[in-house]
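Given below, in the form of structure tokens, are the structures.
First subunit A sits with subunit B, and in the next complex the same chain sits with subunit C.
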Partner chain A sequence: MIKRKIFGASYGFGDWLMQRGTALIMALYATLILVVLAIVQPSTYLEWRSIFDNRIMAFLTFIYLVALFFHAWIGVRDIWMDYVKNAGVRLLLLMATLAATIGYTGWAVQILWRV
Partner chain B sequence: MSDMTVRRKKRPKNLDLTTIKLPLPGVLSIIHRITGAWLFLLLPVFLWLFEKSLASPESFAYVKGLGDHFIVRLILLGFIWFYIQHFLAGLRYMLIDLHKGVELEAARFSTKVVFAASTVMMVVIGAFIL
Partner chain C sequence: MTTRTLQFKIYRYDPDKNDAPYMQDFTVEVNTVTDRKLLDVLVKLKAQDDSLSFRRSCREGICGSDAMNINGKNGLACLTDVATLKSPVVLRPLPGLPVIRDLIVDMTQFFKQYHSIKPYLINDTPPPERERLQSPEDREELNGLYECILCACCSTSCPSFWWNPDRFVGPAGLLNAYRFIADTRDEATNERLDNLNDPYRLFRCHTIMNCVDVCPKGLNPTKAIGKIKELMVRRAI
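Entry: the complex of A and B
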């Protein structure tokens, strides 16, 4: 067995774990939102908005979205690393993907807590 | 060592893509990747719809009105299948991580379960919301 330091370099284990952790968070939220939708049964604007005006729901929705963006970042990054061999192009695509997911996080804040 | 290379060379090889086919769990794997990529590409669209649905009664009515178009319903149905398919295939991978259903027969069977369940759930959810 090769002895490796657990810091200083990435061996992918953290990403592997995060991909599953974020998936579980999303699965829990999916269950929650289905229950909430079944109870509220929103058909009007006010009923729909009341769900996300609830501070706890806004917070949990945000956690879900951040988990989703992180999950998407790891997954899309793996796709670029598998198929894009040119280092420059790959770096460009990785940066674009990272920028998009960070931007989406800011967007999610704006949607859930707009003034 | 040389014995090994000789033996290795004698092994039958078939890389003719017209006669070999991906086993079912392999099909599920590539579909997991394709659905994941599409879900990522559609992210801004759904964030935009989510934003509009919460912004004002007028924009809520606009988003709701989009559902009147047949093509929008069709795309939504496809998206629902993609989401559930990716979701269930992911659950299957987590079970395999826990060493559940690793054997060939079980792995093939669970693949069929995922395809069937995602399609049934799409129909149920589709019937409910459309």
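Entry: the complex of A and C
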């Protein structure tokens, strides 16, 4: 195996832009949920549930969660790239992170759309 | 004539003689009229102990050779006022680079990153008879970029550069990359942007802004990096 440093994995820019975009979506949703909570002022479980029984609200929450998982995937990947130098261990951690974020997405669907 | 007694704690390491680095204490009488800058005092200390090693050349903030860590912050000894320094003055070599001896570091990695951005004008059209001209507005864009003296204060204060000195270009290199991207006489903008579109080379910058804080020339690498990213966005959409 050559020891030369190689560059040009051209996903750097796309990921950077994605992290900004998803941050914007999360900021908008955070504002929305604060407004909704101020209006509904839920105190019981049923009142909390009624917020997310609304289909539009459930959909927007799902968009928010997907944005969060993309954002977290890029951030956590950067941490592994900075601190884990062994390529094999790094690949394993990257796959575990990816599996977790995909799993969380499925879990979010299950919670938001359960009958 | 007024004098002031200053205590120093200076990082000492001679790989031929010492197993490990250590801090050595010095006491020096500083003449507040003639010893204005830290470099003046360092020259005095060198007279006390001629084994003390540091780089210096122009002694006026142009050559960038006497960069060091002064009381925890990177700076040039020749531009640091002695009057502003708290005693004891703690001097260490620039962080994150291999130490050759005392306050002298090996800058190979730093210059390797600088060379990787092709720090020269690329223009394949035949040069005009006299010179390639720029409008005053186009020339204005190069202010705050061309003044970099490559002292490495910024890159060695950057945590992203500490973690990945072999893969992250660092603030000094990126400032100079933008200096040539911004130059209207340069024709390699696309290639320069391609060269930086890598998760490490440009995008390890997390806008910590230590570089802006320490630059002895008052330059703003973070702003230049932001402009590179802005150009990439404009190219992509």
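Keep this in mind: the second predicted complex is superposed on the first by the 105 of 115 C-alpha atoms of A that agree within 3 Å, B and C clash if a C-alpha of one lies under 4 Å from a C-alpha of the other, contacts with A are read in each partner's own complex, and residues count from 1 in each chain.
Just so it is clear, a contact is a pair of C-beta atoms (placed from the backbone, for glycine too) under 8 Å apart; a residue touches a chain by one contact, two chains touch by 3 or more.
Quick caveat: nothing in here was measured; it's all calculated off a predicted structure.
Taking the superposition as given, does A:15 touch the first partner, subunit B, the second, subunit C, both, or neither?
Only subunit C is touched by A:15; subunit B is not.
Quick check on the superposed pair: does A:107 touch subunit B, subunit C, both, or neither? Answer first, second, both or neither.
Once the two structures are laid over each other on A, A:107 reaches subunit B alone.
Which of the two partners, first being subunit B and second being subunit C, lies in contact with A:52: first, second, both, or neither?
In the superposition, A:52 touches subunit B alone.
Tell me which of subunit B and subunit C touches more residues of subunit A.
On the superposition, B touches more of the residues of subunit A.
Please indicate which partner A:81 is in contact with in the superposed arrangement: first for subunit B, second for subunit C, both, or neither.
After superposing on A, A:81 lies in contact with subunit C but is clear of subunit B.
Identify the overlap between the subunit B-contacting and the subunit C-contacting residues of subunit A.
none
Sort out for me which residues of subunit C touch subunit A in the complex.
Its residues touching subunit A are 163-164, 166-167, 194, 196-204, 229, 232-233, 236.
If we count contacts the way the header does, which residues on subunit A are in touch with subunit C in the complex?
Interface residues on the subunit A side: 5, 7-13, 15-17, 78, 81-83.
Give the list of subunit B residues in touch with subunit A in this complex.
Residues 33, 36-37, 39-40, 43-44, 47, 50-51, 53-57, 60-61, 87, 90-91, 94, 97.
With touch defined as at the start, can you tell me which subunit A residues reach subunit B in the complex?
20, 23-24, 27, 30, 45, 48-49, 52, 68-69, 72, 75-76, 79, 100, 104, 107-108, 110-111, 114
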